[in-house]
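Labels for the chains are A, B, C, D, E and F, by order of writing; each one numbers its residues from 1.
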Amino acid sequence: MSTIKRVEQPEHDPRVKAVFDDIRATRGKDYINNLWHYLAFDPALLEETWRDVKAVMAAPTLLDPKTKEMIYIAVSIANACPYCVHSHTAAAKSKGMSDAEHAELLRIVATAARTNHLLNALQIPIDEVFDADVR
Amino acid sequence: MSTIKRVEQPEHDPRVKAVFDDIRATRGKDYINNLWHYLAFDPALLEETWRDVKAVMAAPTLLDPKTKEMIYIAVSIANACPYCVHSHTAAAKSKGMSDAEHAELLRIVATAARTNHLLNALQIPIDEVFDADVR
Amino acid sequence: MSTIKRVEQPEHDPRVKAVFDDIRATRGKDYINNLWHYLAFDPALLEETWRDVKAVMAAPTLLDPKTKEMIYIAVSIANACPYCVHSHTAAAKSKGMSDAEHAELLRIVATAARTNHLLNALQIPIDEVFDADVR
Amino acid sequence: MSTIKRVEQPEHDPRVKAVFDDIRATRGKDYINNLWHYLAFDPALLEETWRDVKAVMAAPTLLDPKTKEMIYIAVSIANACPYCVHSHTAAAKSKGMSDAEHAELLRIVATAARTNHLLNALQIPIDEVFDADVR
Amino acid sequence: MSTIKRVEQPEHDPRVKAVFDDIRATRGKDYINNLWHYLAFDPALLEETWRDVKAVMAAPTLLDPKTKEMIYIAVSIANACPYCVHSHTAAAKSKGMSDAEHAELLRIVATAARTNHLLNALQIPIDEVFDADVR
Amino acid sequence: MSTIKRVEQPEHDPRVKAVFDDIRATRGKDYINNLWHYLAFDPALLEETWRDVKAVMAAPTLLDPKTKEMIYIAVSIANACPYCVHSHTAAAKSKGMSDAEHAELLRIVATAARTNHLLNALQIPIDEVFDADVR
């Protein structure tokens, strides 16, 4: 089920084809996952989304690809996005995340969630030493 | 303001003193941030919380300390916990996170949030290739 | 699957029948979606929920029906409610939301999510000019 | 700061005065907290909000008043609402919640948050035995 | 589908078997739900998770078991965790939650969610009388 | 307080000055709110953020500017972002949102939050008629 009709033959539209070709070239594989097939209903939204994801996640940056995927998963878990958790866990594994690293990621996320809720319950004043304008 | 009264002289309680001493020894500095002063209202909750945070964040594990703090920040942002974002951003900086790495973290978190919302709007089927039981 | 047993023959209860009849009359169609069939397990909760939704979404108010559904979808996406996203996207389409408007809604929601996370990461002071008590 | 201008002399409006009088009578005290002063900018919204809160939280129901406040706090923590956490923690205390019960509430909320994130990370199939339609 | 491969024969690992045996003994029934089968991929994470859940939810504490499950459900709803809502609703029912109590829980959660969003929209100042340090 | 040091003299950097000039020209006023002053710590992140916000919120699109701000506010409330709620409520007012429209927005957001939580509690099956692939 979905709230948007999956586009039949999306690559008949040259803008969609250009994005799909770039996804394949960037990832080095033919498979295009469902997200892009559905986003093809609006080529501009497809282009913008791919441009952003590619710039942040596929281009070489300061952090290594595996770490970037692990941060992405952490946000997706907290935002309760099933598709995102699935797709980025698969991506992290393909970029080398071991089962032990996956378990450690879960442990950090779970501990953060625990203290996030504790602090939002306590509503205590923030220490002045944490202020970047003071440091 | 807070929902719990800050404990006066928390270290008069030996259980609290033991936790505070361990926090100081583990972190190698005297300052005890507000969280622990307030949690001291219930020594058992203080002990459990410190035990968990120490085991995950202070003990040597597979991921390096800076990366662990960055994942912790990512979750805390998504869960909208001001205290947690402040304290763990300060911790990440003390463990070596540069401004450029901080900016990259924000970029990943913002991009993940964007696609988390897009996917939760589209509600599309999850690709079978993402299923760990199939892979 | 559900956490409540779907009520068999819900309209045997006159309070449920009255709500179902009003839903049909208000919407001008016979189909009653699953939400109401399940809420029928507690007629008072069913009545209250329908009363609220009807007053806000079905009665003529300042905003037009399509815009109201788009705001409803935006909240439902951010709260990660699959059923709500599905039902209100269908409602918005039945009230005239085009695919282009749907794409624009997604773009606004995604951009808001991006800056929501950025700002919750930065934790910066709020400009005094935004204070309604000052304006 | 606020996004709505605080109403000066709200009780000059008879609809607002009626709500304020009912709040005082229901709670048995004169103090009207800020929420109602600000909501007074729209008497209909004020009336609806008080009607709902009163029916659920102030009227005698199956659950005792302290337990109801504790559930309310739990939701407010997870939704990251500082005002709500403050006002309902104060309410729970006035209805008898001890410090030890408060600590236990925090422990349950923190544990739930931990497993909520773990499960949203694992995305595992839901056991059929949990289906209310099957039981 | 899941992001972790379900462990085949998890009880061949003595650490997993010890946890499973303790779950069975604590709950007084043979059925082990999916969560623990999947967490078995990392015995340490399995042990920690069960230790926490058992200490908070299975050991006798100040609050009765049914109330604790209702608070757990409230958090899980707000955090949008389908598995958690299912498993803890089933647990609450097995500990005596009636349909009427379930409906009341939903009513409190829904009312809290309503005011959580209202207050996060108004962003009003928190009354000083709510400050635990002042009281 | 903030997690990033506010940039002194941000417009000494020509990339920052270009963005600030464009913000002033686009909005037709001199005031630059805090967000942009803090984002100036990383000119690339500043540029990307402004580019996105401008394209979606400042350029003429299908929806009128006031409606777009109201949708933005709705998301920001649900994501519990105080800065965003403040800045976009001010923006919506400057684009014509009346107090009565503001109240209606709050009513829709509150009703959506209520049913979002109800549905995430019920976990009921989604009606097939909502599936866009079927319609």
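Everything below uses one rule, namely that contacts are C-beta pairs under 8 Å (C-beta built on N, C-alpha and C of every residue); 3 or more make two chains touch, one makes a residue touch a chain.
Quick caveat: nothing in here was measured; it's all calculated off a predicted structure.
> Show me the overlap between the contact partners of subunit B and those of subunit C.
Of all the chains present, those in contact with both subunit B and subunit C are A, D, E, F.
> Going only through chains that touch each other, how many steps at minimum separate subunit D from subunit F?
When the steps are counted carefully, the minimum from subunit D to subunit F is 1.
> Tell me which chain's centre, taken as the mean of its C-alpha atoms, is farthest from subunit C.
Comparing chain centres, B lies farthest from subunit C.
> Same or different, please, for the subunit A to subunit C contact, judged on whether over half of the interface numbers appear on both copies.
Mostly different residues form this interface, as fewer than half of the numbers used are common to both chains.
> Which one of the chains is farthest from subunit F, going by Cα centres?
Following the centroid criterion, the farthest chain would be E.
> Considering B-D alongside A-F, which chain pair is linked by more C-beta pairs in contact?
Higher C-beta contact count between the two pairs: A-F.
> Once you find the CA centre of subunit B and the CA centre of subunit F, what distance in Å lies between them?
27
> CA centre of subunit A versus CA centre of subunit B: separation in Å?
Between these chains, centre-to-centre, one finds 20 Å.
> Would you mind listing the residues of subunit D that make contact with two or more other chains?
1-4, 6, 49, 75, 77-82, 85-86, 89-90, 100, 105-107, 109-118, 120-123, 126, 130-132, 135, in rising order.
> Considering the complex alone, what residue numbers of subunit F touch subunit C?
Residue positions touching the partner: 1-4, 6, 31, 33-35, 38-39, 49, 52-53, 56-57, 61-63, 67-68, 70-72, 74-84, 86-90, 93, 100-101, 104-105, 107-109, 111-127, 129-132, 135.
> Note which residues of subunit F are touching subunit D in the complex, please.
Subunit F reaches subunit D through residues 80, 85-86, 89-90, 99-100, 102-103, 106-107, 110, 117.
> Which residues, counting only subunit B, touch subunit E once they are in their complex?
Counting only subunit B, the residues touching subunit E are 1-6, 126, 128, 130-133, 135.
> If you look only at subunit C, which of its residues touch subunit B in the complex?
Counting only subunit C, the residues touching subunit B are 73, 77-78, 80, 82, 85-86, 89, 105-106, 109-118, 120-123.
> Please give the residue numbers of subunit D that touch subunit F in the complex, ascending.
Per the touch definition, subunit D meets subunit F at residues 1, 3-4, 41-42, 44-45, 48-49, 75, 79-81.
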